[in-house]
Amino acid sequence: MKNIDFYKSVRSRTEALIAPLEIEDFIPQPVVFGSPPKWHIAHTTWFFEDMILKNHYPGYKEFDARFSFLFNSYYNNIGDRTDRAERGDITRPGVEKVLEYRTYIDQHMLALMEMDSSVELNDLIVLGLNHEQQHQELLITDLKYTFSLNPFFPVYSEDFNLLAEKNAGSGWVELEEGVRTIGFAGNGFCYDNELSQHKVYIPKVQIAKTLVTNGAYMDFIESGGYEKFDLWLDEGWSWVVANQQKAPMYWHKIEGQWYQYTLAGLVLVDREAILCHVNFYEAAAFANWKGMRLPTEFEWEIASDHFEWGQRWEWTNSAYLPYPGFKIADGAVGEYNGKFMINQMVLRGGSVATAKGHSRKTYRNFFHPHYQWQFSGIRLAK
Amino acid sequence: MKNIDFYKSVRSRTEALIAPLEIEDFIPQPVVFGSPPKWHIAHTTWFFEDMILKNHYPGYKEFDARFSFLFNSYYNNIGDRTDRAERGDITRPGVEKVLEYRTYIDQHMLALMEMDSSVELNDLIVLGLNHEQQHQELLITDLKYTFSLNPFFPVYSEDFNLLAEKNAGSGWVELEEGVRTIGFAGNGFCYDNELSQHKVYIPKVQIAKTLVTNGAYMDFIESGGYEKFDLWLDEGWSWVVANQQKAPMYWHKIEGQWYQYTLAGLVLVDREAILCHVNFYEAAAFANWKGMRLPTEFEWEIASDHFEWGQRWEWTNSAYLPYPGFKIADGAVGEYNGKFMINQMVLRGGSVATAKGHSRKTYRNFFHPHYQWQFSGIRLAK
Amino acid sequence: MKNIDFYKSVRSRTEALIAPLEIEDFIPQPVVFGSPPKWHIAHTTWFFEDMILKNHYPGYKEFDARFSFLFNSYYNNIGDRTDRAERGDITRPGVEKVLEYRTYIDQHMLALMEMDSSVELNDLIVLGLNHEQQHQELLITDLKYTFSLNPFFPVYSEDFNLLAEKNAGSGWVELEEGVRTIGFAGNGFCYDNELSQHKVYIPKVQIAKTLVTNGAYMDFIESGGYEKFDLWLDEGWSWVVANQQKAPMYWHKIEGQWYQYTLAGLVLVDREAILCHVNFYEAAAFANWKGMRLPTEFEWEIASDHFEWGQRWEWTNSAYLPYPGFKIADGAVGEYNGKFMINQMVLRGGSVATAKGHSRKTYRNFFHPHYQWQFSGIRLAK
Amino acid sequence: MKNIDFYKSVRSRTEALIAPLEIEDFIPQPVVFGSPPKWHIAHTTWFFEDMILKNHYPGYKEFDARFSFLFNSYYNNIGDRTDRAERGDITRPGVEKVLEYRTYIDQHMLALMEMDSSVELNDLIVLGLNHEQQHQELLITDLKYTFSLNPFFPVYSEDFNLLAEKNAGSGWVELEEGVRTIGFAGNGFCYDNELSQHKVYIPKVQIAKTLVTNGAYMDFIESGGYEKFDLWLDEGWSWVVANQQKAPMYWHKIEGQWYQYTLAGLVLVDREAILCHVNFYEAAAFANWKGMRLPTEFEWEIASDHFEWGQRWEWTNSAYLPYPGFKIADGAVGEYNGKFMINQMVLRGGSVATAKGHSRKTYRNFFHPHYQWQFSGIRLAK
């Protein structure tokens, strides 16, 4: 796909995603780890203005000087910014103004792409579009969290359940022990954390071709999984006790039946569908209960040609750390990934909330082990 | 004023107050002690539905059963309710729906007032309208707090500064020692906490006819008022240290000048205008610095015929406690005031944000001593 | 009693109180509102050194310059001090050294009393001894709290239960409405907060001659007292919910029976004995349940000639505020009481842990409404 | 060394370590991650009683049934236990009783070793002694933390500075790319986390033969190391800002000079001595500033034959995760290591506080990345 088509396609998908929202929905930020929809749509636009137009568009006139302050994220290199925890308190500029901002930036970006096809610019645009795809997924994920706090379980879209997927296939992939090559190579886009390609030594291992289902997880719950400390990591057990945790996020037991909140409203949990919204602690405890373990990210990458993936982000037992030879780029773009390489676990694959074509088998997602709000599931290894 | 006119007048003032708002402004609740504008306008309407229409309107059909759950406040008597801290996360029903709710309730209330003029109903309506006037003031006060978090200081209305008032008059009122009568008597409306009328013994005291000005408070600041522990109550000093407090709320020192955020935007602090947005700790420390003290609520009530009041809520040195013979009414209406009679200080008078005619000299407002967000000021006694 | 005898008597009582302790017991400070025994015995000694010997003993040589830093309390006027929360982490100087310090100060104080009998000195000594008596009570009260955390309920002394007292007398004292005189007058010692004598207007009221018993409070518990929000102040109810409170402090339900931890170990709760270790929220809820109220501190003071008191500190419904004409003394001594006059409730009377002769009917004790660890009980008014 | 000699040698070293302490020093637990000395000496003894004597000594009579409750640690398998945060509040049993407990256990252990020389028992004894060696180090490390809170910097022992060590040697070890063998093999003792031996692929890398000195770290500080966010991991920067961090733990700037608290008191920081008491965030930021990185634990293990180690625990850039084939043992012994394999980083080597002979090159220590209180330093790789 040419960049100009890619640009139009990504930008219009964001607009499609916010179409079902009311203005009020754009504002709340109930937790620090989430962001309001308004912020997501402004921030992804700000990226193009601040990283591209200001430097590459001849005579570019900033849309509104305040936006750079309000809508950057963790880019400490670019001026001060509002406290991350207060994003939901900033009502002005409003949604309409932010959409004007998007239009203004789109016009300039499209004009710029017509006049400048340098590799440097192309690379930045592709980075910006991948960045927007990540925020599309976060927008959906954060919105689900906010909606879930409403005691009347609002419907985002009847067609957007996202939890109904089932496994195809069955059985196990078997990997032989030995040296394998890991990481991205080729001409396409990848993030800095997928580089550079390097060798790792893999043990003999079997990896499930299917993800854990709701039914299997219900068996874990019914067997007392949330009451047996010896199944859990020490931190995981503290999390269970402190939060009186009894089930995955968004599950509700009503008159003896398990329901789950989806973006299409509250529905019965389907035993055959793939489990979702578990954190690393739950994934590790479940694997432990089965007498198995989670795959490492390297085992996953090697085996991934042999199973379907992309319905759930899959917790691996690998910490998010740099590959040999990892280099942080200079300046704000360099703040992208490297500085998060501590206390997070790698997830591989992708989810039903991920933009089509966004992920790949070398893609490294990462979250703190206690987060459940992602569309995350479990694949077993033994 | 007849109740029907009073009703129309109060309800339309609420609508006038929200006229300058954008939809986005109706949502955020940045702190637990504040509430979103949407909640204020729904809750004041809910009061008429739940306390009046459901019991008095023949065959009344509830507008939406969910609203009773979403928009009651501290009335534990009436079913469960959403967590007070999560009011800002509930986006649905939206503002338009809440305004429909107001219209629906207004139609029924006006019809009810035509058909039923019993004293019991009249009293409940007057209570509901006074309740709405209180929330009008809270709406403005909470909104100012939310807007103040926006680094670009939004303007609510150019005509709504609320901090420009100056003192009229000068000198001191002198009260002689002796027994005086305190509390409300008469046929008009009052809250339960103003009853019953009773006697108190007042010492000889002088009370200032004017409120403390910004200029006088700047002198306190410049003399090191926020650095001298011995001017402060022990808790006040902890508050100063923990928050690195250096000035009243909403004050900003920019290039050596004091500015303050108002609902008309950021303006220079006027030395002649009346000080606002200090908490009890600051009021007590300032009085201490002057070698004076704050009046008690009883001294204030007796002296108040001799000075102008109503621009600022005035901190008194009286704790919020029941009058002799105070009785809590049965049921939800009884939850109004009595249960807050601990750890709060009484404020007397009224502020520029208070609805005209709402307050009176026996009126007892009350807040925790660390809150600054009210339109609160200082009157001295000696 | 002459000062020299009073001095010896108070100081030796402190030593008797610590006699049952092991060295280890002198160290822990499990909560910020309590202090370790070592600190109490050092701090009361420091008072004599810093407030008296340094200024009045000719050529006085400080025992150890570090002690002034380590063992002052809230006296901000006298240099920096260690963080109140870290008193339990300071192991050196040890107990033996602190006892040497006591001996050294005692020798100098006794010598000073021989050579100087000025009124100013006498007054300071009496203040210091009353101060020590207050800390004797705190030492016992804090120690009980620390011991209560030990799952094996240590015995401080078999003879020191302190919870077995029963009521003498019965019935009600009736006060007529009218002006009464409140506050201390005379030549003896009193604290600044008892001054000056002044008039108050008292309503007609009946005050119980007896304190609430354990049995009466058990009835409150069994009737669902801790489950009915409408009996409680709003803050009280939050305290019940947040702490899952179900009974007074130190009560344990074991196999269907109520036990309480005493300084003589765990014992069955005696229905006939006087209730202890309730906070103001519990006292107010109980009174509410009985359809009565707590007396004000003024009503208490007037009625107290007509009943026995001194077994429990009695919660009143008066906030701790200054009397008319209250003046804070200059310097460190002035930090004694005035700066705590916010967010605390007055307790009158005295407890079985109070030094004999220490309290009087004008004595004003005060604590935050959520504290249960005092030997505090309930007297009703109606 | 025969087990009986090993036993005597380890147990007597613990006693030597506590010899300089006063009784008071055995009590405080200022932070949840530390434990009081009394607890360390009781807990290490409890291990022999609960894991060995109760199961292997014929007719063994428990010393005191309460001790099993009071002095186990994280072994959830063995009954309830006191809250980890309250260890410092339990004064009884006292130190003397705990030392009697040690004597009683020693007598029985020595008798048991005479009568039973089975491999199973031997293995448990060696585990218990290694466990005690770990707690010897923690005792010293925790004690230093407690003492450091005393504003007068107590001296534990004039001969026990522990921060004076200097580097021997210079230059870099160069490792070639390729498959290497990692993990413990042989007949001696190792922990479960060092097993099983397996292959890893190492990149080409150079590893410093020396550890970072105080002087090099002072240069980092002076260059603005603690003010430049782009040198830090995102979490590390939050830690710097939240704690206003400016130097390693225990450093104090006094009149322009850096001092550090040691167990021999406050001393000038020696530029030539090896840096100590930095956390992982500081280690990573320093490496980043040098344009280098930390070694992985695998690189460290391979290179460690070529440099001196043992003065400081060395932060690696490896997360603490299981080796391929890692198995958790059944029962309480199985709780040893596996359940901590999340959110911690591996440290290799050993420190001057580590018992001689306790560590080895395959030894995996681990701490949370924000902890500074360990004797931890930095070795660079490039």
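We just call them A, B, C and D in the order they show up, numbering each chain from 1.
Keep this in mind: a residue touches a chain if its C-beta (ideal position, glycine included) is under 8 Å from a C-beta of that chain, and two chains touch if they have at least 3 such contacts.
Treat the numbers as computed from the prediction; the structure is a model and nothing was measured.
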From chain A, the most remote chain by mean C-alpha position: C
Chain A-chain D separation of Cα centroids, rounded to whole Å: 36
Between chain D and chain C, distance of the C-alpha-averaged centres to the nearest whole Å: 44
Intercentroid distance (Cα basis), chain D paired with chain B, Å: 57
Set of chain A residues in contact with two or more other chains: none
Contact graph of the chains (line, ring, star, complete, other): ring
Footprint of chain A on chain D - complex, ascending: 74, 76-77, 177, 179, 198-201, 203, 205, 229-230, 232-237, 280-281, 284, 293, 317-319, 321-322, 324-325, 334-335, 339-343, 345, 369
Chain C residues within the chain D interface of the complex: 22-28, 30, 38, 66, 69-70, 82, 86, 88-92, 94-95, 146-147, 149-152, 154
